[in-house]
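What follows is chain A paired twice: with chain B in the first complex and chain C in the second.
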Partner chain A sequence: MPRRTYNIAMVCDFFFPQPGGVESHIYQLASKLIDRGHKVIVITHAYEDRKGIRYLTNGIKVFHVPFAIIYRSATFPTVFSFFPLFRNIIIRERIEIVHGHASFSSLCQEAILHARTMGLRTVYTDHSLFGFADAASILNNKLLKFTLSDVDHVICVSHTCKENTVLRAALDPLMVSVIPNAVVSENFKPLPRPEPNSSIFNQHPLPAHPLGPNDTLTIVVISRLFYNKGTDLLTAAIPRILENHPNTRFIIAGSGPKAIDLEQMIEQNVLQDKVEMLGPVRHENVRDVMVRGHIYLHPSLTEAFGTVIVEAASCGLYVVCTAVGGIPEVLPSHMTVFAQPEENDLVAATGRAIAALRANKVRTEKFHEQVKAMYSWTNVAKRTERVYRGISGDLTNNEFYGYDVGNEGHWSATRGRNFALIDRLKRYYGCGVWAGKLFCLCVVIDYLIFVFLEWFWPRDQIDFARDWPRKRPPESDDEE
Partner chain B sequence: MRLTTTPYLRIRRPSPTTAEFTVSTLPPLTPSLRMLLLSITLLRTVLSLQLVLILYTLWASRSSPPSSSSPLSLLLAHLHHALTSPSPPARLASYLLAHIPGYALAPACAGALYALARARVHDAESLLVLRGLGVQTSGGRFIPTGKIRDVLVNEAFRGFEVRTYLVVVVDGEDDVVVVFPRLLPGARIVERVWRGVRECLYEEGKRGWEGEGGGRGIEGGWRC
Partner chain C sequence: MASKPALQLSTTVNGSDHAPSHPSLTRAATLPNDIYSPRAARSHLAPEDAFNTASPPRRQSGFDSSCANDSGPESRPRRMRAKLGSRSRSRRRKRSWKKLLWVKQSYPDNYTDQATFLENLQRNPRLQPYEFWPLVADSTVILQQVCSVTIFIVCFVGIFQERVSPVAVVGWGSFATFVGWLLWDWWVGQEDEDEVLRRRRSNRSRAAREPTRRERPHSVMLGTATPSATSSVTNLAASERAYPQLAMRQSHSASATSLQSGASQASNAARNSSDSVEDLNQRTLSPLRGGRTNLRLGTIKSAILIYFTLLGLSPILKSLTRSTSSDSIWAMSFWLLAINIFFYDYSGGVGVKFPASLSTNAALMASTVLASRLPSTGQVFSLTLFSIEVFGLFPVFRRYARHRSWRYHVALSVLLVIGAGGGVGLILGGDRDNVWPWKSGLLGVLVAIVIAIVAMGGCSWWLIGLQKYKNAINGPWDQARPIIISRRLWDDE
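And then the complex of A and B:
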């Protein structure tokens, strides 16, 4: 029986031309889903020179929705005003599943609300971790709770992220899947291996970066220089590491408010010849910076997944990183040295990594093939597709959620997300004393707008858009 | 009975190398519809005349009555007398004049007159394609074949909607020329016109648009 294919709309505020991790995640996932025979459109807001409807490689149709044309002020909150256009796009493109990305994206939250009102299945992917204590996180958590009260399924990029999201939005853990990010390993290849007879010492097997006893060892750091990326930790650790290991150099790429601290540290300790600051690096040049080093240092204080350490390992670098957030899940232990997020431990861990590399104990030349086998977007797309099949009812509940999910009554109350307005209102009402009532009001207004739109712009007067020619879905790989 | 329909397409092909695509909102002319349209035209004429009369009265009340005895001014005097004699339209005009100040009345009348002259019950837009010569839109724009880089179907946001429309890309111009800009017919009509235009303009047979890059490439539009 041929697999069913879906029409999917990815909704996010963040998309190309703006660079970033979420942006490339959406692009890669969409591209691979199209390879599997699905139809994918991306809905985002208009950027300065990017308005209207465009096509990207592989037939990804991108809607840059121009809010500035509807309202003169670009930052106007558009909770309900997005609905008419959204409905038009959804009907034109015959969308069945709305997939929102990133919790800071208000467009995504609105889209999920509208999609549920229109009776579509929704998936939400969370890309980041949040705290619980400060005012901003409390507000953000309330908003997230609003969105996730009525979503069909949630995807997180790591198990830590799943735990965080389940706690923040008080979800049933069975509703949350973990699908990690991936890297395009072709873009992160290590330097070509030198000829075996070109080195002075005949070693067998040859290490990836043959380090002579007096060769300089280079440590690379690529991150935005912000507090949460651990730049303060880095600033404190660099002088001590260089003191302990004189034959070591640092290359730091990235920009941010903490860059000034790093520069001060370099000046104070007179390390200009040992620490090189590259400033911001474009994503396509990251690999060229990485392959200049032997160790990748990642001092982040919080991280949902940490794609960059996968990229570093794929380039054949030994990774030193803090054991925070989702990082410990990302790479196998033989590729990494973990440190507690504090200065002493970071210095000690870096010391261990330098010693291991100097002793040629780490087989970094094999990292690329191993990472390639672990992380591929094709695999991510396959797993995401399984989520789509689960929420669309093409997999049975037992198959999708597991066989030990308890009785049916409990099931339909929490996970069987039906579209009846009263059931949706019940779910929203439980969000809080005041928030619950406010959310219910929003949902009712949204529903009334929907009824009005159905009358004012009847469904049958909206043309269907032509589809990009679909690819034939691959036959062989069913459930693994 | 409805005065307009959704836009529909009429294709005329007077010769094998010529085609005219007309998109119109005029429903089929039944006798009752003809009567209705006629009465609407009559009503518009009467309204327009009334507005002209108001404007004339306004003008006459401002300027001094004609005193010289040239034939033109004599005629004007006769006309003035005829128009200001107590008939219902003249009474309405002088009533309005007495109650509304002239500076408000004059622009309002002029505006209403303009709207009456411009407003139309139906709209029709056409595209004339002449092989070897070019295309002409109903806006009066003629684009010679040599300057047409491509004819394609595109989509864009318009208000709260996404609309499909047909454009002609003209060589050396930044803006494309939108065909049927007022009516913006639906995707089905646009597609038929697009096929027809390409067939007529480039002699592409049924096979040209079906994929193997016959004739010219389609950039940005879709390829079926």
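And then the complex of A and C:
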């Protein structure tokens, strides 16, 4: 039986030309899904002069819809104003699945609401972790709960992220899949190794960076220099690391408000010849910075996935990182040294890493191939496709959610996710004493707008757009 | 009923309530099936959860008690499966699931492992349950402030309705302030003497006991920074009073002055590294004893200065808001006084920092606009001076009294409640010239005492009652708090 292909709309505020993790995630995922024979469009807001429709590599069609940006390129949440345009795009492109990304994006949250009103399947991918304590998180969590009250499936980038999202939005854990990010490993190759034959020592295989006892060891840090990236820890740890290990250098790339602290630390301790600050580095140059070092130090205080440590490992760097958020799940233990987010422990962990490298105990030259086998976007696309098949009913409920689930009634209401307005209202009503009623009001208004639009711009008067020629889906699919 | 999957924290695992009706477990063995059970349907902790923080409440409430006992991660699913029938056993046995992303696992992506899911969840990890009597005791600080404000308002109304002579108000107020100042001065002097004694003792043993250096600077700070706290209370006087100290110390050491000026502004002092505070005190305390009279002279000088400044300003203040209607003034002063009460620094540290400047400034502004309603210059002057005494100097004294002795604090509180109640009673007692106005005053005192007791007890009880709703969720997704030991100098500005 030929595999069914879908028409998918990725909706997110954050997309190219803006650089970033979510942006490249969407792009890579869309590209690989197209390779698998699906049709993918991306809906984002207009970036300066980038308006209207653009095509990217592989035939990704990008809609830049005109909306005002308020904060860090997130659009102003208007709840309903996006609906007419959205409906038009959806009908024109014959979309079946709406896939939203990132909870900061109001475009994504609105799109999920409208898509459910229009009777489409929805998926939401969460890329970030949120606490429960501060006011911003509380507001965001409430909004997320609103959106996710009526969503078909949620994808999280790590298991910690899944736990977080399940708690934040009160979801059925089986409705949440964990599909990690990936890296384009071709873009993160270590430096080419010297020919094994040219070497006198017939060592097999040769370490990528054979370190003599007197060679200088370089530690690379690439991060935005913000508080939540642990720059304070870094500032405190660098002088002590350099004191303990004289033959060590630091390369720090990135910018941010904490850069001034680092510079002061350098001045204070007269470390100008040992710590090099590169300033902001473009993503395509990250690899060139990374391969200059032996150790990648990642002192972040919170991280949902931490793509950068995967990139570093792919470049053949030994990774020292704080064990926070989803980071402990990301890399195998022979590639990483974990530290608690404490100054002493970070110094000690870096010391262990330096000692291990100096003893040539770590086979960093194998890292690239290993990482390549662990994380690939093709795999991510395949797993995402399973989610699409599950919510579209192409997988049976049993197969998708586990066996015998159909027999019990508790979650079947949420799993089936029927589109009847009354059932949707019931789901929203459970969001809270006041919020539930407010959300119901929003949903009812949304539905009325939908009815009005159906009357004002009838469906049959909207033309279908011509599709980009589809790729043939790969025939054999090595099943899981 | 709402079929929203309101996943309760405690329900991510199977509960015993529904175990009989529950179908067999699956390979994804984590069905939160008991959301409708009455016990689990609460969205907050039970009272007992708030106090039993030692054990994670999730396990207490969620698990089948028999299952909670066998702790092996493997044993639970197997056991459940055996109990619940054979339907799910057709599934082939797999390698156990790991909470890792880099491993290719033979489980679907939405598999939820019952043993490890949310195992790192903590609830109310740093909860300190309140106790009743300490809470009541602490609330007296608020009571004092509210009573001070009430007394001020009573005095204003009295002056405004011309039932009280403004001279009497300011006279009694100034007299009380003077007595308070004497007391305060005496206390500070005593404390300094203690300090000097202790310093001598510790100087002798310093070489032997290095660690004592860590605990001393705090108490030293109390002694030296209080004068600066008083001086900064009234913005007018701040520089005036700081200078004598400076001049006195300048003769001693130039570097000490620069440090001391920082300390007298009281913003940096607390954060200075303990060593520099120590140095500072070594230099400043010894001349302080001889300089006490100097300090007193400086205080008196600045008091006189304030007095005459106010006297000069009063005619201007009188006509300040003539073009504004009285209603606006009442509303405005109400809000300003409310700001004063809400933003007042109740933490009660003696001279740790500025006594909340927003609060003090709001109160002084309230008094200024109120004073501008008064018809004569003398009244304006009296009210403004009185407000400086009540809002600027009195809090310092109250703080110190509380720091000094609990008994003084209680006595002061009782006096204030009686004063405020009596004042309100007299004011509300009516304008008629009855022979016995004390009756209404006495009634006011009684009502005030009852209200104070009920409010303090009731609010404390209420707050303790609200504790059970506290449900702070912590887990690995929270931003870590970095522990940085060697705070270096560049962090200190």
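As a working rule, the second predicted complex is superposed on the first by the 454 of 480 C-alpha atoms of A that agree within 3 Å, B and C clash if a C-alpha of one lies under 4 Å from a C-alpha of the other, contacts with A are read in each partner's own complex, and residues count from 1 in each chain.
Here is the rule we go by: a residue touches a chain if its C-beta (ideal position, glycine included) is under 8 Å from a C-beta of that chain, and two chains touch if they have at least 3 such contacts.
It should be emphasised that the depicted structure is a prediction, and the values quoted were computed from it without experimental measurement.
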item: Touching partner for A:259 - first (chain B), second (chain C), both, neither; value: neither
item: First, second, both or neither for A:65, with chain B first and chain C second; value: first
item: Partner chain in contact with A:89 - chain B first, chain C second, else both or neither; value: first
item: First, second, both or neither for A:22, with chain B first and chain C second; value: neither
item: Contacts of A:463 with chain B and chain C, given as first, second, both or neither; value: first
item: Contacts of A:275 with chain B and chain C, given as first, second, both or neither; value: neither
item: Partner chain in contact with A:52 - chain B first, chain C second, else both or neither; value: first
item: Which partner, chain B or chain C, touches more chain A residues; value: C
item: Residues of chain A defined as touching chain B within the complex; value: 51-53, 55, 63, 65-66, 69-70, 84-85, 88-89, 92, 457, 462-466, 468
item: Interface residues, chain C side, partner chain A - complex; value: 1-7, 9, 12, 22-24, 26-33, 35-36, 87-88, 90-91, 99-102, 106, 108-112, 117-118, 120-121, 472-491
item: Footprint of chain A on chain B - complex, ascending; value: 154-157, 159-162, 164, 186-188, 220, 222, 224
item: List of chain A residues in touch with chain C within their complex; value: 129-133, 149, 153, 155, 158-164, 166-167, 170-180, 228, 230, 232-233, 236, 240, 261, 264-265, 268, 301-302, 304-305, 322, 324-326, 329-332, 340-344, 374-375, 383, 386-387, 400-405, 407-408, 410-411, 413-414, 423, 426-431, 436, 480
